[in-house]
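Only one structure is covered here, and it is reproduced in the block below.
Chain naming follows the written order as A, B and C, and within any one chain the residues start at number 1.
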Amino acid sequence: MPVYQFYSPKGLLTESTKTQIAEEVTTMYCNATGALPSWVKVLFQELPEGDCYTGGKPTAQSLILGINRQGRDLESRRATLRQLSQIWTRATGQPEADLWISVTEVDHTNLMDAGLFIPEPGHEHEWFEENRARLAELGIAA
Amino acid sequence: MPVYQFYSPKGLLTESTKTQIAEEVTTMYCNATGALPSWVKVLFQELPEGDCYTGGKPTAQSLILGINRQGRDLESRRATLRQLSQIWTRATGQPEADLWISVTEVDHTNLMDAGLFIPEPGHEHEWFEENRARLAELGIAA
Amino acid sequence: MPVYQFYSPKGLLTESTKTQIAEEVTTMYCNATGALPSWVKVLFQELPEGDCYTGGKPTAQSLILGINRQGRDLESRRATLRQLSQIWTRATGQPEADLWISVTEVDHTNLMDAGLFIPEPGHEHEWFEENRARLAELGIAA
């Protein structure tokens, strides 16, 4: 919450690029929402040559397929898309013309992290208070 | 309907663990919904080291990303999340702190299985009656 | 918009089959919606033996997991599912009994292509006019 899956051409990303992207995406998301850093999941998947097509032709484009909780307002969601694009192009050198982003929204009742149900957007703070003991036990928050 | 994609660290799952998880998830889902077992799709994907991050740091966590029909009530959906978590932790030995689950809901009109449109939740039995001949022809149901 | 991810058994698809599928899916989608070909993304992913289960048993089935904009009418969406099934079975020789399709709908405000926000279904033409200069600059449309 969110999960961001980054699909990119084989060989584009070094280990340090992946770390940079994962760190920046996590900071961006937590600053915007007040979410726990541990909620931000980033997966990288390489696309072997010939396995990605745009407009019916093989391409070396990248895609970010995200999953996020329903309920964030339009301005926050658009700001997130813009920032994802900037983080990606800055870290990889790919032009933004080669990046596709989509974020699928799911109801917060369809999410579970570390055995806990996740609150709806805007109710993070009450939730942290209520789950403080369990989060400490899990080593997720102090 | 559902599709469950299990993402886990490279090497965590043996063939027999995969079979156990797929069997238990299928039984759990069919008992809860009356769905045909053949509707339950389970995919396993390994995450090579360094391709999965939590909170900006490389991690050996696992994720279950599901897709299911819209229209199941809150209690059933929560029970499914709890059971998915239990099946996973019991089969793999990973603590629940290392598991993330999300289920994306799609309208039943956006699903096709074996060339057939799938009914909305709660209308499985009428649907089986109506499609009995075709399902038998396909070898899916007697 | 759309993204179609094709999951199929290792070795089923040749390069020319992939190209054929990507071309036909792109033509089908653009004819139905007036979308730019460059909006149609097709990804292929192989499922190693033992990583895909149906009904709790290992299987050699295929899945098409799509992501599309919310707002297309029922008849268009059903026609798209039928055509995806036909394109796949014709190109691969797999029977339709071995194919599962789902399309997840996302609000158009959750999509970004080439740094641009995508219009809602039915507003493509105004959008092309408004973004003509930028699209030409990006080499996406004349």
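Quick notes on this one:
FYI, a residue touches a chain if its C-beta (ideal position, glycine included) is under 8 Å from a C-beta of that chain, and two chains touch if they have at least 3 such contacts.
Given the structure is predicted, the values throughout are model-derived calculations rather than measurements.
For the touching copies chain A and chain C, the fraction of interface residue numbers used by both falls below half; the interface is of the different-residue type.
Superposition on CA atoms relates chain A and chain B by a rotation of 120 degrees, given as a multiple of 5. Computed from the mean C-alpha positions, the centre of chain A lies at a distance of 22 Å from the centre of chain C. Within chain C, the positions touching two or more other chains are listed as 104.
Of all residues in chain A, those touching chain C in their complex are 7, 47, 50-58, 61, 63, 65, 74, 77-78, 81-82, 84-85, 96-105. Contact residues on chain C toward chain A in their complex (touch as defined above): 1, 3, 15, 18-19, 22-23, 25-27, 36-45, 67, 104, 106-107, 109-115, 117, 138-140.
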